[in-house]
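There are structures below to look over.
Two complexes, one shared chain (chain A), two partners (chain B, chain C).
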Partner chain A sequence: MKKFEWKSVLALALTGALALGLTACGSSDNGAAATGSNDAGSKAVYRTLDEIKESGTINIGVFSDKNPFGYVDENGEYQGYDVYYARRLGEDLGVDVNFVSTEAANRIEYLQTGKVDVILANFTVTPERAEEVDFAVPYMNVALGVVSKDDNVITTLDNWNADDSIIVISGTTAETYLIANYPDIPLQKFDSYATAKEAFENGTSVAWANDNTEVIAFALQNEGYTVGIPSLGSADTIAPAVSKGNTTLLDWINDEIASLGEENFFHADYEATLADTYGLDYEDSLVVEGGKVTAQ
Partner chain B sequence: MPDLGIDVLFKGTNMLRLLQGLWVAMKISIVSILISMPLGILVGVLMTVKNRFVKAIFRVYLEFIRIMPQLVLLFIVYFGSTRALGWNLSGEVASVIVFVLWGTAEMGDLVRGALISIPKHQYESSEALGFSKIQTYLYIIIPQTVRRLIPLSINLITRMIKTTSLVLMIGVVEMLKVAQQIIEANRMSSPNAAFGVFLVVFVLYFFACWPFSVLARVLEKKWN
Partner chain C sequence: MNWEFIGKYLPMYEKAALLTVKIGVIGILFAILLGLVCAAIQYYKVPVLRWIVAVYVELSRNTPLLVQLFFIYYGFPKIGIRMSAEVCGVVGLAFLGGSYMAEAFRSGLEAVEPIQNESAISLGMNSGQVLRYVILPQAMSTSIPAFVANIIFLLKETSVFSAISLMDLMFTAKDLIGLYYKTTESLFLLVVFYLLILLPVSIVGSLVERRMRYAGFGD
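Up next, the complex of A and B:
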């Protein structure tokens, strides 16, 4: 057996090297990235308002493939309703904005690990999410909607034919709502907006459930589709979110939204980014100004 | 000819962005391949060791990596390392770590398979000729194994290149993500762009993987 010993030694050395390599990668990156994301001993993963100001850059998670809320234009610049507000936020804070491309399914994770400071990715406020992250006051209204093909318009989810399925995007409120309220309806889940849209257009499902803004826009832009159910479930709001417990940043954002209300900032935002998609008819019902939801 | 919507790629810097996305994907996969291939060969040799302890460790390692979907591994390394250890890895570094762990495990198993397929008399003959253990591996076993490994490892390499399409889930904007961004940004003006853009993505992936197939064919020819 003795002749095999060198291999055991090699094995141990290799395991050690792997572990060491991992540590080295980690620490070298730590130095370059977030200061204060992990102050010695403290459990806080987030950066406070002062730490963000000091670093000169705020990391904001936005969608990069959700036109017209957050998308990237042909010159590689982020654009959209959320992005318009994100730029203003950075401007008023006096820092540069570093946009981080997020997906619906990883938004909470990004905040919980402090990899972004704020999420402005069309984030609908729900009680479950509010346990994981802190929401600021809202800047938009939203409900769910269901869009289907003109030749087979779905107007109700009752008496569902079990052979048909509905498309949803993983991690969205539509998914949660349908699972909770219509557990018998088969769902087809996709990770990104683009893949869900692709599948729906190819007819893999009879309907697509998503935020009503999304389905309204989709039906307006694509021939042959109708929003059979324009408002499903309770009316919700969309708000900025920060890591749980990051009160300094949260308070600042709340004050900011309140003061932006005085100049009707979000109406200007709507007109600059959303009017092309939804028309001006929806402006007052979609926009929340100054963080105050008015009865619709 | 139907409108494939390829024209959206010529708007602004779209094509350049798509190629930059490809570059990001290639950087991650090539760095991972360069690290995991030699490591995999080492691990493969160690997997054939008769020491039960060493065997068990690598068995657990291989099974763990093989069972876990790559997406889960990416989440564990990217978000988990921040939660558990407070490291703030960039998406690219996290991807390389996952791809190296994965590539090393699978390459290790391929090497193990190739090694045990070498008939026992090869070892015995070389011992009879007075080769030492290391010389046996260096001059007799490894050269034969490498030939058997070429087609297998090309599969793994192309799979690693294609699997970079998952890293968009941890915020790395690679080719597929850029493609989705371009399709979405133009969903009003060119609703059909998806087909054309994905077609171009397909062609680009092909040209990213194809050189490896050519290299494999050349090597196999040369050694036969």
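Up next, the complex of A and C:
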């Protein structure tokens, strides 16, 4: 009796494991089969430009908690620099925009699974990410920055005290950069901007590393904080991203950004959404117009 | 499936699994203690305390662990109570688990028919002996299935710890996906590690259940 039941338990477990294993492997195969026309067995499940136009709605992944780039205001409306551009994109495409709230670590995933057509969530262009998704031309400059409390301003990451930790958000370039360049600094990782900010204000860690735009905004919006390291790592850009291989949509966005440059659209965007936070001093250093980065 | 990636990040999962098990075990132990105390208070209908327990049980069972953790980790520091994320995890798990354990034990105690108590007394046992030899063994036997289910449930609930920045299995998987975009491998390891933790619990649990099935008649 006992022996028999042991077996059935094991059999059940193995069946379960097998089923899970099969679905896990299956998912990548399905994608490749569905979009057979792609080269190199790409596993994208994206919608082409025509399909988006036909459906009448474009799904755009934005942040919902990253003021002033992508956030939900008190009326429940999406607002911010990324969102301002997203609305224009929908308008020029002649479709409605369906905003999909995303977290930093989800952005690639959302494109790879076709949950969104475009990511406009302060997405920094990196070579590693470019292997997984296709970036359009950039619309903003960015570097990393570190903000800390006024009474203990961090100005360097060298000779770090191993008892102190730095807050990072999972899936951001700040996390990747610190792991690669300062592997000995303990990182306190959070999965959303809202919780990271809350924890930082509670004094969980001595510093918070993120895009410098974000930490500058934080220090300006909250009293008692200073950006001790305003620029860390390399100067990067932020660009829209589409699923790997979605060339029709990518080309359209590239043309769109180029033509928006003629009307200085992103300067208008900056003045509408970012000027309240940063003032006009940062306008020329942050905005990339027409997809062309000018040497700084 | 990229096996090189799996080999490289296996140690990270091992660390996360240890953390998950550590917080899970400590939290569940406290939950069992809390549950025993609460069940006893309710069983013996201790005045005042039983109302406090009733409120606690309803509050704890009808709010998600995620909400409880947010309160403990992000809310408490505002009123001056500071705890590390690990302690918050243990406290949250004990708070949630305590009520489930209390209900499991209470149902076990209440399932023992009054006639058992009366018969034991008529056989000349004192109240301590009745509890020790008649009530508790049967109550335990009845509550074991719910008890085992609770342990598995609580271990699985640790997957929301990422909200308070604990690098448990779930957060490790999410973090690796965000860092290196190896979704399939990360999720595969996640499932494997959860099974490694939970399958033994489940198997041992069902063995214990079978051996303890002596309450009531028959079987």
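Criterion: the second predicted complex is superposed on the first by the 252 of 296 C-alpha atoms of A that agree within 3 Å, B and C clash if a C-alpha of one lies under 4 Å from a C-alpha of the other, contacts with A are read in each partner's own complex, and residues count from 1 in each chain.
Note that in this section a residue touches a chain if its C-beta (ideal position, glycine included) is under 8 Å from a C-beta of that chain, and two chains touch if they have at least 3 such contacts.
Predicted, not measured: the structure shown is a model, and the values here were computed from it.
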Where does A:N152 make contact in the superposed view: on chain B (first), on chain C (second), on both, or on neither? neither
Is A:S170 contacted by the first partner chain B, the second partner chain C, both or neither? second
In the overlay, answer first, second, both or neither for which of chain B and chain C A:S285 touches. neither
Looking at A:V72 after the superposition, I want to know if it touches chain B, chain C, both of them or none. Which is it: first, second, both, neither? first
Would you mind checking which one, chain B or chain C, touches more residues on chain A? B
Applying the document's definition of touch, where does A:Y193 land relative to chain B and chain C: first, second, both, or neither? first
Would you sort A:A105 into first (chain B), second (chain C), both or neither based on which partner it touches? both
Chain B versus chain C as contact partner of A:S234, first or second or both or neither: neither
Identify the overlap between the chain B-contacting and the chain C-contacting residues of chain A. 25, 27, 105-106, 109, 112, 191, 195, 198
Flag every residue of chain C that touches chain A in the complex, lowest number first. 1, 73-74, 77-78, 82, 162-165, 167, 171, 174-175, 177-181, 183-184, 187-188, 191-192, 195, 199, 202-203, 206, 210
Quick one: in the complex, what on chain A touches chain C? 5, 9, 13, 16-17, 20-21, 24-25, 27-28, 104-106, 108-109, 112, 128-129, 131-132, 170-172, 175-176, 179, 188-191, 195, 198-199, 202-204
The chain A residues in contact with chain B across the complex are 1, 3-4, 7-8, 10-11, 14-15, 22, 25-27, 29-30, 33-34, 37-38, 45, 64-67, 71-76, 79, 100-103, 105-106, 109-110, 112-115, 191-195, 197-198, 201, 221-222, 276-277
Using the touch rule from the top, collect the residues of chain B that touch chain A in their complex. 8, 11-14, 17, 39, 42-43, 45-46, 49-51, 53-54, 57-58, 75, 79, 81-83, 85-90, 93, 97, 133, 168-171, 173, 177, 180-188, 191, 194
